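Okay, got some structures for you below.
Below, chain A partners chain B and then partners chain C, in two separate complexes.
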Partner chain A sequence: MSSSANNPLPRAALPWALVTPALGWTLLFFVLPFVAMGLSSLTAHEGGGFTLSNYSQFFTNPSYWQAMVNSLQVTAIVTVISVLLAYPFAWILAEQVPERWQRLALMLAVLPFWTSYVVRSYSWLLVLAQNGVVNRALTGSGLISEPLQLANTRFATVTGFVHFFVMLLTLTIFANLKQLSPSYRKAAADLGAGPVRTFLHVVLPLTLPGIMVGAFLTFVLCIGDYITPQILGGNNELLMPQLVMMQIGRRGDFPLASALSIILMAVVTIAYLACARWLKIERA
Partner chain B sequence: MSRIVRVISWLYAIAVYGFIFLPVVVLVLFSLQATSFPIPPFTGPSLRWYDAVLSDTRLTSALVNSLLVASISSLAAATLGFLSAWGFARFVLPGSGLLRGLITLPLTVSYLIIGMGLLVLFNWAGLPKSLLAAGIGHVVINLPLCFAIIYSQMGDHQINIERAARDLGAPEWKVLLLITVPVMAPAIFAGFFLSMTFSWDEFVISFLLTRFDTTLPVEIWNLLRSGLNPKTNAVGSLVFAVSIVLVVLFELTLLRRRKA
Partner chain C sequence: MSHAASNPLSMLKTHLRTAAAAAALLLSTGAQAADLNALIWCDHADPALLQPFEEANGVKVNVKEFEGTGAGLAIVEQSQPGDWDVMMIDSIDIPRGVEKGLFEPLPEDKLPLADLFAQVKMDGSTVVGGKRYGITEKFGYNTIGYNKTKVDPADMQSMAALTGDKYKGKVAIYDYYLPVIGMAALAIGKKTADLTEADLPALKDELLKMKANAKLVGEVTASQTALATGEVDILVGGGEWVTAGLAKENPALDFSIPKEGAVLWSQSLAMFKDSKNKDMALKFIQYIMSPEGQARLATSSCYWGMPANTKAALTDDQKKVLRFDEQPGFLARAQAYPAPNADLDKKMQDMWTEMLQVK
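After this line comes the complex of A and B, so read on.
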């Protein structure tokens, strides 16, 4: 660090020249759009002028309110199911699979993670369609006589989401389990704990903060996604991102879409604050 | 006891792998369907739907658009990310922590909201919807990733190599081009390929910010209106294949870095 003090003058400008493009880009195309969205949300769709009606509409129109309730319900269901499915899976990959196969097993487990929401959701539509693979298998085996209505339901939306988030959570929980020092388990065994007690009293509590991070990530990504509910859930029930897109698509109502986006972001921020506090308590 | 655990573990793992791969297998299998519905029974294999995709100029031009937007926006994100990471890692700047926080802030906001903000801004500024607008959005989402990857890989031994070059009289631009860029190449490429993957797959920002000339995920979205179709399977399988190639390149560049 001392060497940088003796440098000739032009060097002082260099660090700013390096960081300014990235900072400028973020200010111009991330912060400024956000300000524009905030201002837009406070203007009337017809004729402009200042108004709070875009926000008050959300609280007075029951169908808008319902979209938020739907979003929170779906997100909560998805988060819980994904954690419950992913944890044992990550545990098996980390503890039961031989060390040299683990990397391959994990890469395989998250392979479909890398395709777009659009293609993934369409693939689930194929699986869940009226005469798709699942219904054919069920009717073919004589379990049911009439095909089930699986696509265009909340069940389909949840399935599509759970598929994605099981992969994401497997990654984060696996990393968490691998970071645990084996000496914890040895110590528990030396003190006479069986494998079940070791897991419940040592491994699970130590991986809980990691689970919370993964669950929070699931919450954020799930509540903001438009594709999965639109393709798999159809328009039978609306989630918040669908409601936002509808304002732009059908009515060109940017102010209302902006207000709804900001409300959605506020909910995520509140969840973050709640989660952060909880995490701190956990670590203490 | 441990035998039972092993058996249950195996069964459970097979079930989860089955769940994870079910949609992908169905997608790829029925892209080879010979008849016009991607539903059982399987009538292929046939490549006719891949033919149909490759002779559809809307899809092929969307594919070219996607590759262009992904490579140019990733190049921009990796360049801006590298320069700023170098600036923050090598020099003491006032408010450094806060400014680094600002650069990584877009990671915490959903793509829908980033796209909405840009739509409102461009609408006010009178900028028309275009691939350029979508590309600008892709740099916004990928710059924080590139910055975080490259910044985290800048260590002390690289500072020492740079210092040696300076002591031997190299001007700053020579240090940058002949020392820092080659030393940091694996991290820069990793950031670039990861950005490519995300930009290639990105839908909602492109959907909001483009109109006639658009990217492949948006064009696939348009195809969905016609219902289930083996052609959609074929183009979806192609998109998936490209993503896998990009992820493998990302893994390889990171692996090489670890061994070095």
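After this line comes the complex of A and C, so read on.
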């Protein structure tokens, strides 16, 4: 008879022992800071008493509200474009590239991750500048006579984001496509479905979880990003992370910055709940 | 027990701050008691500035950069008393530090106050309750920076050029609300020191006119890059701090003090009351204020600016780039940095936010 059979308590305690480090980590680096941020958001910047004004400011100041609208618009555009570009890319990698070349192709696909995020954003600024590669090519080829304003615009912000997130989405969708058993396609073909019908009615629905996971990751990372819009957007419109940072610089208004951060977090939570519910329906 | 201390939110915040400070100490890079710990802007991180002091005094200067007084004061609040010895701060914000009980009065007889440009002593901010808590070390102007090969320098003598059609789309605005609001005040004939809430609508109109002409509103690096690469030809809020450091690579960059005037910025040094190394902190301040320290600070690799000390050991070329000899005239036309109270400051920042959101 084993010792564990003699003493069932350690066996029961084992799962808790295994999850304790993760729970501790989450408590220390997520729950505690979140509680601190929540309490800070309910504190007046001047005087320190309890207040809800940090939240009411968001709903009553049109500039603050506009920052959320801008963030949601940019995030939606980036997510949709990234999915539309990443899916065919992942499909080509998974289905058309010979298996022995797939590893190299994947490595090339993630190459942009190897450079610093800030450096990559400044590089885009130079590429899209008035005297940058794109404008020179367009004016040189005679397609346009005057350089276009590409840098310091929403277009530049979206471009910088899409460059990054297409790679991320490609990886998640590629993994999903590779897990898909070839039997499904064979069965569809046996039943008389053509390649387009098989893709639309079999492959696409079965890879939707991968798309949703990638899209949700894109949404979360994009809506909370400060660097890309700050460098590429030229401050011609403010997004939520920029609005949060503005409160800290000179005035040190951490309560308002906390309230804005919590509102942003609430939006991310709503997005998560929407995705989770949708995924659950698909699985059913 | 005070009301603040008995408030459960305040108690939790106090405990969290203590925990954060303890964690910061655990994670610190091994600073020693003999080291000098300074909270600074990037111009003080230049090894060419710090090394001579470190070698002469056998001390290591540990620096931590911050942007904006609010962020700097937050670092202090999250630290243990005595963690920091010296702070570099906007001159107008010294009273904020004094109000929080952070700073130690400086011995005036041990500082070269008589050698400073009279207009930049800023006693209204650096002296509180009859005691000096800061000394101006560097200054300059938020004015019009431009590329003289792309624009007519005569146009840059008036702020009207910033809102006219001639340079539409060739303008960048420096992304800091106080100095640019100060410039808007000058443009509409208001004194920066007299701004009140009643002036905000007129200031907003002027800002919106500037924004309509602007290609971007950028922080230091972005606006400097835009001017240097030809993305724009004019920088609203620019000055020697943008053009002087780039003079070798791009001698076409220059700045003007238009007929309406310019906004004077100035940065100061202060010593922490709880410093455990006050003698060395004072030595550091004396070094920065010495002719040699002033020359190195003025030409720091991060950004150039005018030394507060008239005896700064600058070369003739450096003086020419900084337009050292023209300072008396410039200073006579410059106005103080806006120093609003907390309520007006908040309203000004919200007005700036509104301006940024207008497309």
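The definition used in the following text is that the second predicted complex is superposed on the first by the 253 of 284 C-alpha atoms of A that agree within 3 Å, B and C clash if a C-alpha of one lies under 4 Å from a C-alpha of the other, contacts with A are read in each partner's own complex, and residues count from 1 in each chain.
Quick note on the criterion: contacts are C-beta pairs under 8 Å (C-beta built on N, C-alpha and C of every residue); 3 or more make two chains touch, one makes a residue touch a chain.
Bear in mind that the values here come from a model prediction, so they are computed numbers and not experimental data.
A.B. asks: Taking the superposition as given, does A:273 touch the first partner, chain B, the second, chain C, both, or neither?
C.D. replies: neither
A.B. asks: Look at A:261 in the shared chain and tell me whether it touches chain B only, chain C only, both, or neither; answer first, second, both or neither.
C.D. replies: first
A.B. asks: Counting only touches as set out at the top, which of chain B and chain C does A:80 meet: first, second, both, neither?
C.D. replies: neither
A.B. asks: Contacts for A:231 in the overlay, against chain B (first) and chain C (second): which applies, first, second, both or neither?
C.D. replies: After superposing on A, A:231 lies in contact with both chain B and chain C.
A.B. asks: Is A:149 contacted by the first partner chain B, the second partner chain C, both or neither?
C.D. replies: So A:149 only meets chain C here.
A.B. asks: Given the touch rule stated above, what does A:125 touch, chain B (first), chain C (second), both, or neither?
C.D. replies: After superposition on chain A, A:125 lies in contact with both partners, chain B and chain C.
A.B. asks: After lining up the shared chain so the two structures overlap, which partner does A:220 touch, if you call chain B first and chain C second: first, second, both or neither?
C.D. replies: A:220 contacts chain B only, not chain C.
A.B. asks: So, A:250: does it touch chain B (first), chain C (second), both, or neither?
C.D. replies: After superposition on chain A, A:250 lies in contact with chain C alone.
A.B. asks: After the superposition on A, what does A:48 contact: first (chain B), second (chain C), both or neither?
C.D. replies: second
A.B. asks: Which partner, chain B or chain C, is in contact with more residues of chain A?
C.D. replies: Larger number of chain A residues touched: B.
A.B. asks: Show which residues of chain A both chain B and chain C reach, each in its own complex.
C.D. replies: Common interface on chain A, chain B vs chain C: 32, 36, 40, 125-126, 129, 131, 231, 248, 254.
A.B. asks: Which chain B residues qualify as touching chain A in the complex?
C.D. replies: My answer: residues 1-2, 5-6, 9-10, 12-13, 16-17, 19-24, 26-27, 30, 38-40, 80-81, 83-84, 86-88, 90-93, 99, 102-103, 105-106, 108-114, 116-121, 123-124, 136-137, 139-140, 143, 147, 163, 166, 172, 197, 200-204, 208, 217, 220-221, 224, 228, 232-233, 236, 239-240, 243-244, 246-247, 251.
A.B. asks: Under the stated contact criterion, what part of chain C meets chain A in this complex?
C.D. replies: Checking each residue of chain C against chain A gives 4, 7, 9-10, 12-13, 16, 67-71, 73-74, 169, 175-176, 178, 215-219, 222, 225-226, 229-231, 342, 345-346, 349-350, 353-354, 356-357, 359.
A.B. asks: Name, in rising order, each residue of chain A that touches chain B in their complex.
C.D. replies: The contact residues of chain A facing chain B are 1, 3-4, 11, 14-19, 21-23, 25-27, 29-34, 36-37, 40, 85, 88-89, 92-93, 96-97, 107-109, 111-112, 114-120, 122-127, 129, 131-133, 136, 163, 166-167, 195, 220-221, 223-227, 231, 241, 244-245, 248, 254, 257-258, 261, 264-265, 268, 272.
A.B. asks: Going by the contact rule set out above, which residues of chain A touch chain C in the complex?
C.D. replies: So the residues of chain A touching chain C come out as 32, 35-36, 39-40, 42-43, 46, 48-50, 61-64, 66-67, 70, 125-126, 129-131, 149, 151-152, 230-231, 234-238, 243, 246, 248-254.
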